[in-house]
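Following this line, the structures themselves.
Two complexes come next, and they have one chain in common, chain A, joined by chain B in the first and chain C in the second.
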Partner chain A sequence: MIVIFAIDALEYNLVEEFNCKNLKQKYYGKTDISEFSQPRTMVLWSSFMTGKNKEDDVLEDGNKEMWNKKWDIKETFFSFFENPVVLDLPGFSYDLGFHGKSRILLKNFFETKNLEKKENLKKEYNKDAFDHHRKIKDKFFKALGEDRDFVLGYFSVADVIGHLNFGNKVIMKMIYIELDEMAEKIKKNKRVKSLIILSDHGMKAIGRFGDHSEYGFWSTNFKDLKTPKITEFYELIRGIKNES
Partner chain B sequence: MEKENLRFVIVGHVDHGKSTLIGRLFYDTDSLPEGKIEEIKQICESLGKDIEFGYVMDHLAEERDQGVTIDTAQTFFRTDKREYTIIDAPGHVEFIKNMITGASQAEAAILIVDANEGVKEQTRRHSYILKMLGLKQVIVTINKMDLVDYSKDRFNEVKKELIEFLDKLNIKPSYIIPISAKEGDFIAKKTENLKWFDGPTVLDALDSFSKEESLIDRPTRFAVQDVYKFDERINAGMVLSGLIKENDEILVLPSKETTKVKEIKEWLKAPKEAEAGKSIGIVTEDGLFLDRGCILTHKDEEQPKITSAVKGHLFWLDREPYKKGERVLFKLSSQEIMGELEKIERVIDSSTLETLREDADEIKNREVADVIIKLSSDVVFEDFNDIPTLGRFVLERQDTCAGGIITEIGGKTNVI
Partner chain C sequence: MKVEIDNEIIEKIKERIKDMDEFDSVEGYVDYILKQIVGRLEEENKIKVDKEEYSKEDEKKVKERLKSLGYLD
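Up next, the complex of A and B:
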């Protein structure tokens, strides 16, 4: 089984700071996403799964519409596999209901001037993010227990929580430790032959909030990828599939 | 009235539960800012986990980073009896440096050992440091008892193993307490889980400790740290012990000149006297030229020792070994003198206590050694047990490479 642990906004520097050994695996580093005008989640995951720079396609109908974009499996490397599971990935199996609500709460948080309302919005936003994380996590580990040749789980908690709480190191550490423990559990699963941990972009501090940083994170146990482009994973995964 | 404060340090092997114990002590004594523990609890629950008290430490570290608490390595909690300061430092090496170099002057220590893992390398090295610093008020906690089903037999096994080692160091712990910092067993409350144990909780044990005798009652020592030249020369520094007053007749060491205190200056104050622990400026009557490193004493009190060679016991902290003949900077309080290790009498492994080499040519990282240090000029020092700041030293290259305690004079003494 090939497994992709896809983590939105996993920041290289925090992986180092919190010493997340399992997320790092044997080889790890930053990805090169400099070919894109901005580190946009939908653009980056679309380019990852298709192996092509999809920035123009994703943005052709404007920023608002990009979240509705959905790629046919034939355009992605998922088609190499017989029974793949792809959970919650933007541009493929994305939960529009949850993520849409999350973006509205975030917008309202920044728009309202009422402090009490701000606090309540933040609580609801954080709670939703954690609930969703647990939901996807359950599905992900269930899939890892099944007879599958490919499983991808996309986890947005570091991004969603990071946007509002990046300045709160305790919360960020708790999330990174959670993700690190998940990586440990994946690695212990005997069905898993190859694990790639990948983020679209990282996160940097803007005051006490967080914004996307201009590189992503990758790690594997089998190859030093140096500073790969996100589009290069398409061929890499085809290669691993063929070898197995 | 201001509450009494006792400073203690928690030592032990990495992952044996130091952070969790600190978090639990703060939680059980209600010493955390409102809302913080709820936030940690809530996120742990959201992630489907039990509350992890270690995150309290992260919160305190974050506060320090943001400058909410001033001190870089201290955190506070209180019981009905007194306030406590936990001395901490990030990382094993920094921690050892802080302990030895005196950045942390602990009056008591908690040695924490994992009930599952037992005594490990850092348990032994840290115990060695406690011995070196002469700490006598020591609580041993056998932690993570929840992971060994609160087994009395396992507790006794670990206790036996530890006592065998501590005996070699002549450390007699005041208490050996089984605990679970995670579950809160025997931290503030005695619990049913450990009903077979009839000793005190950690907080009761801490409360039973006594404060060290105040340094105010010792002979007066003032270390000049800097000299500011305005209309008058202000000798800034710290009162290390005793009490210094206006008009006091003082002796300047090592030069042995005498002068008189004309004025004491403190930030936004003009006190008539200053006691041990105070950072002040002193203006002398005759404007005597003092330098950084001078030690001022009262003429008629017992005087410190002055020598250009000391015997010491040091802990080498640098990856790069010391090789005989190398010159290093010897720092004792504000005194800085170039020197070299004239003789490395004995090198010991601080973990196994085994003598590795005698009359050695080098000391490697984490080794402990008895040495004679030859200095290029006189140093003023005291017995470590009387005035610790004048009895401990560090050696420096680019950075601190060793720390130690002076045990005796190493050559000809310059008696006052």
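Up next, the complex of A and C:
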């Protein structure tokens, strides 16, 4: 089984700082996303699964519409597999209901002047993100227990929480430890042959808040990828699929 | 450290604590009041630090970035 643990906004520097050994695996590094004008989540995952720079296509109807974009499986490397599972991935199986609500809370947070209301909105926003994380996590580990040749789980908690809390090391460390423990659990699963952990971009602090950084994180248990472009994973996965 | 206090104030404090069980001296009362004030100042300072961390400037910057990344319209 080939597994991709896709983590939005997993930051290389924090993986190092908190020494998340399981996330680092045997080989790890940064990705090169400099070909894109901005580190946009939807653009990056779309380019990842199709192996093509999809920036223009994703943005053709504007920033607001981009979240509704969906790629046909035939355009993606998921089509190489017989019974793949792809959970919550932007541009493919994205839960628009949850992510839409999260963005409404974010909008209300910034529009509210009242500090107490702001604090409550942030609490609700954080809670929703953790609840959603648990939901996808359950589905992900269930799929890893099934007879599948490919499983991808996309986890947005580090990005969603990070945007309002990146300056809060206590919260961020808690999230990184959770993700590191998940990586450990994946690796213990005997069905898992090749594991790729990948983020679209990382994160940097603006005061208490978080902003996307200009590189992503990758790690594997089988090959040193140096500084890969996010579009190179398409052929890489074709390769390891054919070897197995 | 010794602190001089006006006689007039000492008299007023004596008058005030005369029926209070928790204070048997002017010193004890003064010490209590000072601790309260310092505690409150610390609290206020903390709130100020919190507000500063969520600064208006950062908020403006982040809002702009979130717009250009497609999270806000």
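Please note the rule applied: the second predicted complex is superposed on the first by the 244 of 244 C-alpha atoms of A that agree within 3 Å, B and C clash if a C-alpha of one lies under 4 Å from a C-alpha of the other, contacts with A are read in each partner's own complex, and residues count from 1 in each chain.
Just so we're on the same page, a contact is a pair of C-beta atoms (placed from the backbone, for glycine too) under 8 Å apart; a residue touches a chain by one contact, two chains touch by 3 or more.
Source: prediction; values computed, not measured.
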Q. In the superposed arrangement, does A:66 touch chain B (first), chain C (second), both or neither?
A. second
**Q.** Larger contact residue set on chain A - chain B or chain C
**A.** C
Q) In the superposed arrangement, does A:39 touch chain B (first), chain C (second), both or neither? A) second
Q. Given the touch rule stated above, what does A:174 touch, chain B (first), chain C (second), both, or neither?
A. first
(Q) Could you list, by residue number, the parts of chain C that touch chain A in their complex? (A) 51, 53-55, 57-59, 61-63, 65-73
Q: Sort out for me which residues of chain B touch chain A in the complex.
A: 39-40, 43-44, 46-49, 52, 55, 58-59, 61-62, 65
Q | Residues of chain A that touch chain B when the two form their complex | A | 126-127, 130-131, 133-134, 168-171, 173-174, 178
Q) In the complex of these two chains, what residues of chain A are touching chain C? A) 38-42, 63-64, 66-67, 103, 106-107, 110, 115, 163, 167, 206-209, 211-212
